[in-house]
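What follows is a pair of complexes built around chain A, which joins chain B in one and chain C in the other.
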Partner chain A sequence: MNAPKEAGLAERASALQGMGESRLRKEDARFIQGRGNYVDDIRMPGMLHMDIVRSPLAHARIKRINKEQALAIPGVHAVLTAEDLKPLKLHWMPTLAGDVQAVLADEKVHFQMQEVAIVIADDRYIAADAVEAVEVEYEDLPVVIDPYAALAPDAPVLREDLAGKTEGAHGRREHPNHIFTWEAGDAAATEAAFAAAAVTVKARIHYPRVHPCPLETCGCVASFDPVRGELTTYLTSQAPHVVRTVVSLLSGIPESKVRIVSPDIGGGFGNKVGIYPGYVCAIVASIVLGRPVKWIEDRVENISTTAFARDYHMDGEIAATADGRILGLRTHVIADHGAFDACADPTKFPAGLFHICSGSYDIAAAYCQVKGVYTNKAPGGVAYRCSFRVTEAVYLVERMVDILAQKLGLDKAEIRRRNFIRKEQFPYTSPFGFEYDSGDYHTALDKVLAAVDYPALRAEQAATRANPASPTLMGIGLVSFTEVVGAGPSKMCDILGVGMFDSCEIRVHPTGSAIARMGTITQGQGHQTTYAQIIATELGIPSEVIQVEEGDTSTAPYGLGTYGSRSTPVAGAAIALAARKIHAKARKIAAHLLEVGENDLDWEIDRFKVKGDDSRFKTMQDISWAAYHQAPPGLEPGLEAVHYYDPPNFTFPFGIYLCVVDIDRATGETKVRRFLALDDCGTRINPMIIEGQIHGGLTEGFAVAMGQQMPFDAQGNLLGNTLMDYFLPTAVETPKWETDHTVTPSPHHPLGAKGVAESPHVGSIPTFTAAVVDAFAHLGVDNMTMPHNAYRVWQQLRDCGAAL
Partner chain B sequence: MIPPEFDYHAPRSVAEAIHLLGELGPDAKLLAGGHSLLPMMKLRFAQPTHLIDLNRIDDLRGIHEEGDQLVIGAMTVENDLIDSPLLRARLPLLPEVARQIADPQVRNRGTIGGDIVHGDPGNDHPAIALALDASLVLAGPGGERTLPADGFFLGTYMTQMAEDEILVRIRVPAFAPRTGYAYHKLKRKTGDWATAAAAVVLRLDGGRVSHVRIALTNVAPMALRAHAAEALLLGQALDAARIDQAAAAVMAICAPADDLRGDAEYKTAMAGCMFRRALAQAAARCA
Partner chain C sequence: MEVKLDKNYPLAVDMSSAWQLLCDVPAVAGCMPGAAITGQLDATHYTGTVKVKVGPASAAFGGDIEVRALDAASRTLQLFGKGADRGGSSASMELTAIVRPGDTPDSCVLVGQASVIVNGKFAQFGGRMMVQVSDMLLAQFVENFRVEATARAASAAASAAPPDATPALPGADATATGAMPAVAPARAQGQKEINGLAILWALIKGWFAGLFGRRA
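This part shows the complex of A and B:
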């Protein structure tokens, strides 16, 4: 963009509140006044309430279900089980990952809290009583919790419904509890690199199961109109259009008669991408009863059943030269998918984009293999504030690089500097075939190291280590990450066959204001603010008069939704290109009005002016009026455009994060003394929103690394499924965040923007681990498993003889 | 997360509440702040059919002095303990502890009486009542009786209080001049119960311990008073070897349950650690 030449220009530009401005969030006024409209705020005449009977056991056969007592409670309208759904063929449903999932348990239960029956009642109090009154008789079956044990030759068979099925959605199944084996890279070349290398390291890196745990749980209000044959469902979905397609396919109702509305969403983080049994049951109940039915999860149900994340057991290996140049990377992963494969990944990628695991490094040969496994746990495996499995990938490579550095006695900054992809190598093709669009890792690293005076920190650490009476251990974590976001090019990425494009429709009204609709849906990202800024800059219309609407499938153009940092990379590009179509038409109108040729016009902020004559111009407002009033002959009236954007490539945001911790040798508590996050997300649309997203992502990363866990006992009981145990940090626990940035635009994106909101989650988690492990590095420790809560860190202190 | 149906009663006097309690029998529960009872009802662990709400009985609230004793109404909420000038001046350990309990919302409703009689080993007030040598005034159909806190706690959710009784007041001797005190509580996050916590009340005379009370939270089925550790310190100077012995005696009486906060080994070690820190701070405050 040209810098405005005069004061007048600068004022006109800033009046638009366009790209680059820290425009205040348009969403906040309603949220801070309690005027949001969430699914649970929606009430419809005659609405009934649904609650779910859930299994107390993790693996059992259902002997008998007795509904009589529940049905006898006044105000109970129906109790439905798998038997009732069978005639409709809705007792099972397809998953996004090519598996099937029980809507209501069919003959057996596969995980604790699995949906067994539903109750529909006048209010949620009666429904809760009726849930208690449904009697279910179970016969215990042996429980499989450990994914390695699941693959033992004599392991109990979990999925009897798949008996004899040796072909899964992603190839051969070798064992009844095996889902798929997926691989990428070049096994032979990698083997050769390992054979020739001077140094190799190997470690098992476990990324434990966690849950996104948004403040608002999942839920819906389904309303079937039996007279019109139309189904409207308000639903907490990050991908409402995909839900509409799936609901139409499952129910047989034409897609034109299905309307899905995502109202305000209280956080998604991947938890609201999937389609859950609760949604299907509420819809069926509404169709059967002809009345609206509301279902809202409680917190225990949310943590226990709807979409966990991670649970990757990764065997990582690196081959290197004696001076620390990485020659090869290899990993074998056991992925615990729970009882049904309900991951939400692009269909062709059962392990998501895990093959970004060569990271920010120039590695000649790499190979990865992921095996999906069934266990008696809830299904899921969603992208928790990250692009598909990118968090796991970054965690793996960053851990392995640190382990290599420790083995070689190399500084952790130095080993990264030696192996980074250099600026001039971009676009860079990774050993897994990704084409990294742009990057400048060395500059970012130098900036971070200078900002914290890295040598001084290392000197302080050495002094602390030399003092046996020191009450603390000091650790420094340093991580460089490269993400792959903006899924994605439809030649590679689809969901159930629908390409992962996104869309925008813009209408400019006669008086110069505008409405824009997209296929994405905001859940805290501030789309209503930033999307308007893109249009403001592209079209010279003030942000203030641009309405942004998303989430209603009856009005918004089809799009794949918001997750995997795809809104700005994909929908943001669609917005820019739709705006440019309007811009091109506006130029024609302006030329007509000014009676000059199109090429005789210059665009300036909010107007077209005649080249060389500042006094002759038409503002966007003039042009809007003319579009409806005196469109040039041969041109349609009106001023609107739609654009469906199929990205040519992913985008590759990156960053360098540094964390300093002090560990209390008596209690095991870790204090984050300092955390600096440098992010490069290419062009920055709203710096304030970026800052906010980074703070949020760092805080969630802190939660994962330092406290979130989903432990199971041997019977498959999930321990800690309330917020008393499941760690959501408050302002009291949250460290102070420092941020910085560099700007390396994406060359293939119309705005140069790469997406940012997930980087801080992806990048910070390995940084915390690196810092905690680094505190123990002089004691011979090179890896520790999350979460690094006081209890676990204290065990490490004790085992090293460092506890006070 | 939704309790079964119950009837709600709101008596205006202690006598009326005792009468209702007798009449409705064991299916009735007293409701104070509700921050222990309601979560149990929502999880359907507790299913009382009647709730007798004590919140409208004004007599049960407030803090006043009676000579060298402070008298605290059972229905006094944590925030009122924190804000009380009287407690800050004469019994500063109580406001300091109340600030470490739960979060501001809970402290705005949760009462000292409910916290004590609930019998949850994770609650902080039972150990504090032991450390402060408090007495509990219980009212029942037959009138009032006063029990020392020491001996009141029998086990998880078990106390000396009878089913037809109400805790009405807590009586606590005010601190003598130059009393040192501290409560150290290790927790995973704000709003959490203790992984382990220790209270110390201490007076020194010529460098020797002339008074000491040590009590522990959440390391046994009920709050513990560390008698042996007290005996080791009484009359002694606080040198390193003594402190080590006392810490060992503190840890020796711990019998915590394993949970997500830690196993018995960790919690026991933390009880020792919290005791050392509380003792050091209490000693520093003795001046």
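This part shows the complex of A and C:
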């Protein structure tokens, strides 16, 4: 960027509200006035409502379904079961992970609340009544909840539809309940590192099953026009173009006649990436009945059936020298995928990007192996506010490094400092083959330790521990994380064969305003605000007159959507490069208008000026008018461009988080005294939005670490699927957040930006655990399983004899 | 959600009266709050209903009951019941009831061992109260059983005539169960579902008892 040389320049730059400005969110005006337009706000003439009959049992054979009583209720139009979908071959559908999933249960139910039948009625209430009138007779089958038990030789076979299939989408299946075994790294080199090491540590780290639980549940309004043969569906999707492709492939309707619209989305966090049976059923019902059909999940359905996250059982091992230099890292993971493998990962990566698990450390040898397993739970395994399985990976390595530090009696900051990848090692190739683009971990660590006066905190902790009358235990959690986001380079990453590029189309209008259409879709990230800022800086057009449109597949260019912190790394780059195409054409037009050569022009904020003569210039507004009025000979009129950006690499944002907790020895309640998050996401586009995203991510991380859980009983009942049980923190529970940053731009991204919204989630969860465990470290505790709610922490206090 | 119960209830009823009542499956079902036998399929199979309501979780289970054993020598009854509710819940129960000698010839001990499994919405919403609710149900059942067995013994003693299937019971008040569940059982209330207030009351009582260390 040009540094403003005089007051006039600074004013002109600031008037654009471009990159680096804390521009107020453009989205907020409509949301705070109740003028948002969510899927459930959509009402169409003649619209019918769908509700779903779900299984109370986690594993059972369906003996009989009787729809007669339901059909007899006035206002009920149809009751459909798998038998009805069979002739259309839609009773099963392919998943993004290469498996198949029952749209409606076909002879068997595989998890509690699985979709068994649908009811279409005049209104939502009649539909709900009719659901209760559908009689389903089940025969119980043995339920498998524990993924280790699922792999026992005599375990009940869950997926009878896969009988005899020894080859899965990701290689050989060793057991009827085994989905895949995926590995990365160098097993032999790692084995050698362990054999030679002075110290090794090993621990089972469980990352429990949680749910993203966005405020808006999933739903859709499907509208098939039988006369035109066109299908329009309003749908809560983080990836509307992918949905269009899948719907076209499933239904046989040409993709040009399928329009998917994601209107305002009330939070996604990975929950709205997948394609759910409810969507497919509503679309089928609309096609069959020739009328619009609305389906909106309720909260219990959302938590119980649409994409959960995590559920990784990780056996971690570290080999190190006696002074704490890490030589090798190894992990074996059992991944509970539920009844169908419906993870949303890039095709070639059934465990996502879990192999980022060497973290921020320079480790010579590493190996990981992930086994996917079927159980009688709902399918999913999405990236809950994180890139694919990155949260699990960071949690593993950060827990293991703390365990090593405790074994060696080393300070938790010191062990990190000793093992960090050094600034001069970037670009750094990890033992798993990732090429980390840029980083400066030592500087960030020093900044955080200085900000909190770390030695003083440790001294206070020592004093608290020495005082037997202290009513609290004090814990300090410190985490350094490196994320891999911005999926991704199409040579590595695809979804259903479509490369994971993203796209932008910009049109500059004759009067100098502009519209940008994107392949992504905002769900709270503020794209309409930040994307406009990128264009403002690139093209010298004020943000205020730049419209950003997303989510309508009939107007937006094809894109892979918003998840895995990919909007800024991928779509942000597409915007910059589309803008630069326009910029290049604008230079030609300016040269023509000023009657000089293109090389005789300088760009300055919002105009091209003749070198050495500030009085001769053309603003972007002049150029826009000219583009439609007197384009230079040989140049097409108009001023627009499209860019599809296929990133050359992922980006690697990082951060250092520190948390201080005080645990009440009488009640087990954990009070977060202080939480400091230092993030480095490279170039910062809108500091205010970054801070908001970090606050949101920290709050969700707090929720996961301190309260969210999905407990199952032995029969497969989910005992926490309402907001009575499932913890969503409000302002009452949420601690105060402090934020800081360093800036280490990505060398391969056109703007140097790396993506940020998921870092606080990925980084904060292990920080909370580290702080809680650290409070018990002097009592010999080196790991505790989330969530750290008062009862569980109190149990730990009791077990250590520390409870008052 | 599975709850296992194993309880002993001393009754001021002689063994034979208690055993006679235990052999009468519809009458036994009638002692269970909210339960009723609606039909008999053959000598050992019945159909029945159970209505339960706890806070947000309510269910009307309809299903089958099978008498798996009725052994006079050991005075043991084994029942298996299984049912479903239209609102998306299902339940099953294996019950073993044994009549054992009491401290005196006029008394006996009713031993109840039950394994109750509930699935679906009822487990999801009511799961955390299942143990307390089951305790409460069983306590009401035993109280009703005691009243019924006492009445039968009394009417058998009072007349040579065979016991009336549905004798009127003095003091029976089907509406009084809300406030004081433990003191107002009645044969006539057999059809009534278990009352949420009663459970709340029992929970509060249990909580206070626990606070003062008087819990068993």
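The definition used in the following text is that the second predicted complex is superposed on the first by the 804 of 804 C-alpha atoms of A that agree within 3 Å, B and C clash if a C-alpha of one lies under 4 Å from a C-alpha of the other, contacts with A are read in each partner's own complex, and residues count from 1 in each chain.
What we mean here is this: a contact is a pair of C-beta atoms (placed from the backbone, for glycine too) under 8 Å apart; a residue touches a chain by one contact, two chains touch by 3 or more.
On a predicted model such as this, the values are computed, not experimentally measured, just so you know.
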item	value
First, second, both or neither for A:A450, with chain B first and chain C second	neither
Touched partner set for A:P56, first chain B, second chain C, both or neither	second
Which of chain B and chain C A:W794 touches, first, second, both or neither	first
Touching partner for A:V227 - first (chain B), second (chain C), both, neither	neither
Which superposed partner A:A188 touches (first chain B, second chain C, both, neither)	neither
Chain B or chain C, by number of chain A residues touched	B
Partner chain in contact with A:G707 - chain B first, chain C second, else both or neither	first
Partner chain(s) touched by A:A666 [first = chain B, second = chain C, both, neither]	first
Touched partner set for A:A469, first chain B, second chain C, both or neither	neither
Partner chain(s) touched by A:A163 [first = chain B, second = chain C, both, neither]	neither
Shared chain A surface residues [contacts with chain B and with chain C]	132, 300, 719
Chain B residues touching chain A - in the complex, by the definition given at the top	1-2, 4-5, 44, 103, 186, 188-192, 195, 260-263, 266, 269-270, 273
Complex interface listing, chain A residues touching chain B	124-125, 128-129, 132, 298-300, 666-669, 707, 709, 711, 719-720, 724-725, 727, 729-730, 732-733, 789-791, 794-795, 803-804
Chain C residues within the chain A interface of the complex	1-2, 84, 86-90, 117-121, 123-125, 127-128
Chain C-touching residues of chain A, taken from the complex the two chains share	54-58, 112, 132-133, 135, 137-138, 300, 304, 713-719, 721-722
